[in-house]
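First the structure, then my questions, so here it is.
Letters A, B and C name the chains as they come in the text, with residue numbers starting at 1 for each one.
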């Protein structure tokens, strides 16, 4: 079998544009999704049983169903349900954000649980009101501890974003597949696309480890 | 919302959905078995003392963990037939692609489990005169597996969700059947909702089981 | 409230409570018939009666699970009691669940008690200064400047002034505990509780923390201390209280308790622990 990787070079700009779109979607959905996930984890701690059940159901649902079907549902069904035509990129943003919110709310919940019970005791011993305790002691620590797993979540989102190609959004995956089909050189192009994804995701995962060591060791034991 | 829900049309396609579900479950179970067994083997390779074994293993793990699953599946389906002039059953290819992906993630889970065993236990083994293989068999492995189990199960649920990706390469799993039905009958809402609920119903019990196991482990650690 | 038993004769003394100090009654802290259990099987405080005076320094000793830590935790208001009542400074402070009151603890009195824990529990995301001034500013109504001044003063007394802006992760175990003590003292409590504060420290650092506590003792701070260190108990206590199975088996002046314990149970425990003597 003949492999000709030089065929990739003329297309580098197109591939780069695809990558840019992937990063744009990943970045914006990561930010909005994390904020939403934070709010969601707060809501999940509310005393109202209805609220707790509703948010838990949301999180379990988005974690327990394939992202692909979530994408398809938003893409195909939202316009029908809301009588609004939805451009593909909007439905993609909505879907990825909803997914990211579910994932990050679990992350925040995990970090809140990881704060030792003795911290809560110390706050009572200092006569701090519950509000002061949450605002000045629990939350700052939870947010600090959440940074490494959040970064992991972002890397996951970056990989999952490849699915948006299935609804026609011209991200890196879509572009790569298109070109490989038209040039009938799947091995060269798909491998190149894989390498591009790898070159972005791998350093980020290493960064997570570094952040974890530096940040947590100093400020969160 | 003026949409008229009409689930009745699905009744006729019940058989098709069931076939798709069967394929999905086949994919999930087979890839999980592969992932659990090979993942363990890969973990051993990745932790081996010989660099020549360790580096390729670690590269494999990192590559499968840092690239999209969809890309891996598409690569498999388009490139392997080109490279190997043999016809491989699409479902088998799906199992391989999903299985290799799961292998990499499980290898990480096993590794984390092994590294979580406190060094004191290893020291105690030396003090008790246990040989290295005895130490691994009787002390490290049981504890590593116990730690790794929730993660392995969560990865398993993840592979169930990822199996839906094979629909993109036209393997007739539940997702593919759902998509065909939705487009044929112009009824995406009912079809996709039902398909989503089926996936949810499959993964929820396992997720709950993971919760229970984790809680029990937390209590055990406290003691 | 009658809670201490005076000695009549050796044989008449009920085995549960024996005291030898001049007076074990006091109104500063009064435990009356306090009952606490976890579930049905684990009774950690079995109708306990205990008194304390304002100038007392109680050291609680006893085997694990005997209710020592529970005593402190209950006193701090971290956990509740099922039965009985606790008085503080002559006023009712904590009520048992069986009293059926909606408010089981007097929060104003709770504010006058400080506690230091075994595992540092300094807030890791705040500097030493941040740790010290958080409560005085948020709860004590001090201005940030006033609190900072007080913090500087306390740290100077401890010899830790240079660590004002350091983070807990940069301190040694002994330094962390001393900061934890200072943090509790910032609120100027009337009673200090110490829950095995030196148990997790390296031996070299135990001394520096104990010296701080001894200095507090010189300043007549009322304390209840749980510790395994019998030598330290002898140095600091005005009264040693031996607890076992949720009951106070024996209490008395340190010299008496350690030299000639009257109860067999006490003797058994001390023999195991005081083998150096």
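We take it that a residue touches a chain if its C-beta (ideal position, glycine included) is under 8 Å from a C-beta of that chain, and two chains touch if they have at least 3 such contacts.
In this text, all values refer to a predicted model and were calculated from it rather than measured experimentally.
Participant: Among the chains, which one keeps its Cα centre farthest from the Cα centre of chain A?
Facilitator: Farthest by centroid: C.
Participant: Counting only C-beta pairs in contact, which chains form the busiest pair?
Facilitator: A-B
Participant: Just give me the whole-number Å value for how far the CA centre of chain A lies from that of chain C.
Facilitator: Once rounded, the distance between the two centres reads 48 Å.
Participant: Counting only Cα atoms for the centres, state how far chain A is from chain B in Å.
Facilitator: Between these chains, centre-to-centre, one finds 19 Å.
Participant: Between chain B and chain C, what is the gap in Å from one C-alpha centre to the other?
Facilitator: 53
Participant: Which of the residues in chain B end up touching chain A in this complex?
Facilitator: Going through chain B, the ones touching chain A are 1-3, 62-63, 65-72, 74-75, 78-79, 82-83, 157, 160-165, 167-168, 175, 178-179, 182, 188-189, 192-193, 195-196, 199-200, 203-204, 207.
Participant: Looking at the complex, which residues from chain A come into contact with chain B?
Facilitator: Residues of chain A touching chain B: 1, 60-61, 63-70, 72-73, 76-77, 80-81, 83, 155, 159-163, 165-166, 173, 176-177, 180, 186-187, 190-191, 193-194, 197-198, 201-202, 205.
Participant: Per the contact definition, I'd like the list of chain C residues that touch chain A in the complex.
Facilitator: Per the stated touch rule, the residues are 73, 76-78, 107, 110-111, 113-115, 117, 119, 121-126, 134-135, 138-139, 167-169, 183-184, 187.
Participant: Please output the residues of chain A touching chain C within their complex, sorted ascending.
Facilitator: Within the complex, chain A contacts chain C at residues 116, 118-119, 121-122, 124-129, 132, 136-137, 140-141, 144, 217-221.
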